[in-house]
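The following pair of complexes shares a single chain, chain A, combined with chain B in the former and chain C in the latter.
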Partner chain A sequence: MELYDLTLKEASEKLRKHEVSSLELTEAQLRRIEEVDEKVKAYLSVTADLALQQARLVDASMYGEASSGSSQLRSPLAGIPMALKDVFSTRGVRTTCGSKILENFVPIYDATVAQRLKQAGTILLGKTNMDEFAMGSSTENSSYFPTHNPWDLETVPGGSSGGSSAAVAARECFFALGSDTGGSIRQPASLCGVVGLKPTYGRVSRYGLVAFASSLDHVGPFTRTVEDCALVMNCLAGHDERDSTSINAPVPDYTKALIPDLKGIRLALPKEYFVEGMDPGVEQAVRAAVTKLEELGAEVDEVSMPHTKYALSTYYIIAPAEASANLARYDGVKYGLSDVDAQTMWESFFQTRDKGFGKEVKRRIMIGTYALSSGYYDAYYIKAQKARTMIKGDFDKVYEKFDAIICATSPTVAFKIGAKANDPLAMYLSDVLTIAANMSGVPGISVPCGFSEGLPVGLQILGPVLGEEKVLRVAYAYEQATNWHKQNPPL
Partner chain B sequence: MTVATETEYEVVIGLETHIQLQTASKMFCGCSADYANAAPNSHVCPVCLGMPGVLPVINSKAIEYIIKLGLALHCEIPEYSKFDRKNYFYPDLVKGYQISQFDLPICINGWLEIEVEGRRKRIGITRIHQEEDTGKLTHTNLNGEEVTLVDYNRSGVPLMECVSEPDISTPAEARAYLTKLRQMVRWLGIGTGNMDEGALRCDANVSIMPKGSKVFGTKIEIKNMNSISAVHEALGFEIKRQEEELQAGAVLKQQTRGWDEEKRVTVFQRLKEGSSDYRYFPEPDLPPLQLQADYLAQIRTSLPELPEARRDRFIQEYDLSLYEAELLTGSRATADWFEESLGEEKTPQRARATANWILNELFAHLKEKGAELDEAKIQPRQLASLIDLVQKGTITPKSAKEVFEEMFATGREAAEIVKEKGLPQLSDEAALATVVDKVIAESPKAVADFRAGKEASLNFLIGGVMKATRGTANKDVVTRLLREKLS
Partner chain C sequence: MKLDLKVVEDVAHLARLGLNEAEKEQMREELAPILDYFEMLNELDTSHIPPTAQVISVQNLMRPDEVRPSAPAQEVLANAPFREDNYFRVRPIFEK
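For the complex of A and B:
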């Protein structure tokens, strides 16, 4: 067994027992990246020198006499190499958002989560690939290159955080962060056979997460196990004064929620989540998982969430509307790509944005601009907000009686690269099961629950607002009773 | 032959006023809001530069300030208010949208009272909303190349927009409205209101229609006026221009015009076809504002006595004229200065004397020096002690002016100056009698005239005594002595 095969928890314990150094872990990960990333293409940039330097510093602090007992030593994440989706602002480290418009953009500040991870003593290995500005479900919309699913290099890893999910699946890092606006953590986690959590809206700070759709954007981790997920969440969660939408509530120790049985837990199985066009293999795996959850003591009942069918269309009004404003700042005046050959100011704006943005981003800016235009605003944006309230209402009603909702994360397993690239609507359907949780802001996790056609299937567990502990408990119990998470892709 | 009768027009004016708030930090970040006194792009951070990933955090001081103005202008402050994004592209707008307020502003439905030619009138305030300022563009020639430089120090400085109802009917009313509004901003201590620095900016919407018409004329917007008198003059010009156009049979088109300070005319800038589509939508990065009743009550309690209330109190309590009271409440500093120099002596007589000193002497001296009240060396308590000296008869009013002169120049105490100049008033009868005898001896003609019944000659003799004593003699005593000695 190689060092990179360890889980975060195992690596952390070895570090603590001085059986391995952070430098050794980092070097092992960097070698692994060198070995497999040519095939997987998970990373947009690898910060090897910085990583080695950071690892030496952490080692000095962990072994050195002078700083023993420092806060870095206390975090179980200290010395652990990890990756960030290239959507997080990292001071001094290029941040592209998968876009040409930010090709050479080096931020001057750290995102709150990047800062928290730095303070905990983690080692940044690099920035991972993504659909441009997190718009997409396959990572094919990256302006640089597509990422390949480690389980089958001809298929997509999902998206938009496909670089992070592939990096964790290919064991090119011990954990990674992603962002989830309509399913961008859970869907790629499902397609790559790893654990991905989208926390409650406001539980993890968005400061420094480059905005796609502010009211729907979430930050969360990708890990190989549920326990690792809880460990990372302990570091990420918490109030941030710089994010006015962040929740000021005490942060529990999420590892305490990891109980391997489900006695007294009530789970809702919404019938609307078994959608038309779902892979039979996916449905089979999810039904089997339901049986397993019942065996573990959970009560499972079918419920109806009647407004689910409006989630996708509602999302494709609200998200592009917010995006059209969020992406207006890329005008070539202050940073990023700038068309300096233009003759006039307006020409420069137009050329910069025309050259800098890809097709899907332009499509969404246009949809959003249209939806917000006077004369259409009420028919689209206002109506979508009303629908959003009703979708939220569905969730509230279910949680009156149930602890969590269970369903598939993605209706299909990983599809072939290029298969949906020219069919935006088919691509949008990839998120049909994940989007409602972004509308309602509730936490959701995807855990591996089997294989269909040799590719991973994910089970989605959605909890009530601030119900991360419930979600983690169900996921943990299920994971401990199965072996899916122990499978590694054949690289 | 028929003579065309000139149509009489009715004027409709509405003002939109942007007012910068004088908070220590910017609207949505911790940067210093003091943009004017800093090197370009030195008061900036990721937030006010609109870097990818940043989020706004509301400056609660700015909210407090706008509520203060709202309360002072009799506005309703709804419990629920929110921020919206106003979308448009411009190089001085870092995010490509301005955080502003669209349909639920913080203050609505207020009014401000103005007085023009003795007539009081209420001008309605439609709304006051909170937003952020933009950066500043400078077009210049750099190494032979025409360039535009951007300074983002001003980006994110808190700004209020106060929109009036179209209740204003003359340029003079517009001037009175702006003067009052600026007075209020300064009175509350929430902004400088300095138009020349851009801390207060006013756009005017003006239309004219035949008197008695029910249909409004074409609305024309005027921009680029950087003083209250410019607003007055531009409106006057524009009304005349529109009248002439209409008289000539022209049809006015909705447009934006700019005030040309040099040529003193409004110049066509662009046509306004329909309203611009700013695609407003609720700012998702900021939760809606919930303004609780006790929070509003707290702000209401913290409000100082407002100009009108104070003016009316001055009239009632001190028996001052409306004119005097208006002048003394022109700014909070003046009113404070006045009441501070009154001290505990709140008699109407004392108040009148104090008002006279401030309105005549102090203001004249300040004006001559081009100085503001807070720059005056003389302090309110010092003026009070000068007035004391006059009222006790220690010095004459004439000497007092000389002493004031010195106090204004140096800030020294009145008693000290009086002593140094040898100015105490001569009330000592024995000493005065000697002078009186001497003047009588030197003016036989005047003495004879007086004895012959020419009362006016007494004034000549009094003048002689005053001259001999360099104005320090107590006039009452001198008069009595002269009458005694000549009878």
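For the complex of A and C:
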């Protein structure tokens, strides 16, 4: 067993007992990256020098005399090497968002989550690949290169946080952060066989997260185990006055929610989530997981969420509409790419955006602008916002009687690179089981629940608003009763 | 079914998005089925349903308007594509 095979929790315990140093963990991860990232391509940039320097500092403060009472000693994340999706602003470290328009952009401030992780003493290994501006479900829309799924290098890792999910699955970091606007944490977690949590809307600050669709964007962790997820959430969650959508509610110790049985827990199984076109192997794995949850003491009942089938259309109006407004800022004036040949300001806007944005981003700007334009605003945008109310209503109704909803995370396992590249609608359907949670703001996790055709399947558990503890408890009990999370990809 | 070329050109203009001829043709073909797919929302009777813009109840957060330090000009300008002294340099807005 190599150091990089340890879970976050195990690595943290070894650090605390002085059996290993942060520098040793960091060097082990950097060697691992050197060894496998040529094949996986999870990282857009590796900040090796910075990581080694940070690790030495943490070691000095953990071992040194000067350290006594330092807050860095208190966090279980102290000294742990991790990765951030390249959508988070990192002071002094290039942040591209997977786009050519930000190819040389170096932020002057840290995202709140980057800041919190820095204060906890974590070590930034680098920034991970993603679909450009988080728009995609396969990481093929990165303007740099596609990322490969560690379980089968010819398949996609999911997206848009595919770099983060692949890095965790390939053990190229102990944990990673991603963002989830329509499933971009849970779907890649499912496809790569790792744990991915999208918290409640507002639970984790989005300050410094490059905006895609502001009413739907969430920040959350990728880990190898549910316990590791709880440890990272303890660091991320909390109010931030710099994010006006941040919820000011007390943050529990999420590790207290990790109870290995489900006595008294009521779970809803929505029949609409077994969609047409679902892989038989995925359905089989999820049905088997339901049986396991019942064995653990949960009461499972089938429910109906009748507006589920409208979620995809609703999402693909609202998200592009918000994106078209958010991406108006990329005009080549204050930062980012700027076309050098343009003679006038207007010409410069058109040419900068033509050269800087990739195909999918342009497509979404077009859809969003269309939906917001006069004459179509009521028929598309307002109609979608009303449908959103009905979709959210389905969730509210279920949570009156149930603690959580269970379903598959993705209707299929990882697909071949290129398979859906020329059919945008088929690609959008990858998100069909995850997007409703973004529209209602509820927390959701994906945990490994088996394999189909040799590729990982994810079980999705959705809780009520601020019900992260319920979600973690169900996920933990299931994980402890199974061995899926202990499987490693053959790299 | 393809989208009208004029619709594609008008929308691209509103978004200040340059598209070459091939891209315009591709948009005409790819956007039509996506917009068709949205039609299913018309099955929903939303006449008495209020729209949802966002899902949390927090609204209009207020704080005292106090002077705080802001980022130094040199840092802010470090990412500027074109600059002159402590200013962003832009191209002419009005044609000569």
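Worth a mention:
In the analysis below, the second predicted complex is superposed on the first by the 491 of 491 C-alpha atoms of A that agree within 3 Å, B and C clash if a C-alpha of one lies under 4 Å from a C-alpha of the other, contacts with A are read in each partner's own complex, and residues count from 1 in each chain.
Simple rule for what comes next: a residue touches a chain if its C-beta (ideal position, glycine included) is under 8 Å from a C-beta of that chain, and two chains touch if they have at least 3 such contacts.
Just so it is clear, the structure is predicted and the values come from calculations on it, not from any experiment.
With both structures placed on the common chain, the touch criterion links A:319 to neither chain B nor chain C.
By the touch criterion defined above, A:207 reaches chain B but does not reach chain C. Of the two partner chains placed by the overlay, only chain B lies in contact with A:89; chain C stays clear of it. Of the two partner chains, chain B is the only one that A:97 touches; chain C does not reach it.
Shared-chain residue A:437: touches no atom of chain B or chain C. When both complexes are overlaid on chain A, the residue A:380 reaches chain C alone and has no touch with chain B. Chain A is touched at more residues by one of its partners, and among chain B and chain C that partner is C. Once chain A of one complex is fitted onto chain A of the other, the partner contacts of A:135 are absent, as it touches neither chain B nor chain C.
Of the two partner chains placed around the shared chain by superposition, chain C is the only one that A:351 touches, whereas chain B remains out of contact. Contacts of A:167 after superposition on the shared chain: neither chain B nor chain C is touched. Counting contacts as defined above, chain A residues 105, 108-109, 214-215, 241, 244-245, 324, 328, 331, 333-335, 345, 349, 369, 373 meet chain B in one complex and chain C in the other. Those residues of chain C lying in contact with chain A across their complex are 7-8, 10-12, 14-20, 23, 27, 30-31, 33-35, 37-38, 40-44, 46, 49-56, 58, 61, 63, 71, 75-76, 78-82, 88, 90-93, 95. Interface of chain B with chain A (complex): residues 46, 49-58, 85, 87, 89, 91, 94-97, 148, 150, 275, 277, 279-281, 284-287.
Contacts from chain A toward chain B in the complex involve residues 88-89, 95, 97, 102, 105, 107-109, 111, 206-211, 213-215, 241-245, 321-322, 324-325, 327-331, 333-335, 345, 349, 369, 372-374, 377, 381. Contact residues on chain A toward chain C in their complex (touch as defined above): 104-106, 108-109, 201-202, 214-215, 241, 244-248, 307, 309-310, 312-314, 316-317, 324, 328, 331-338, 342-351, 353-355, 357, 362-363, 365-367, 369-370, 373, 380, 382-390, 392, 424-425, 428, 439-441, 465.
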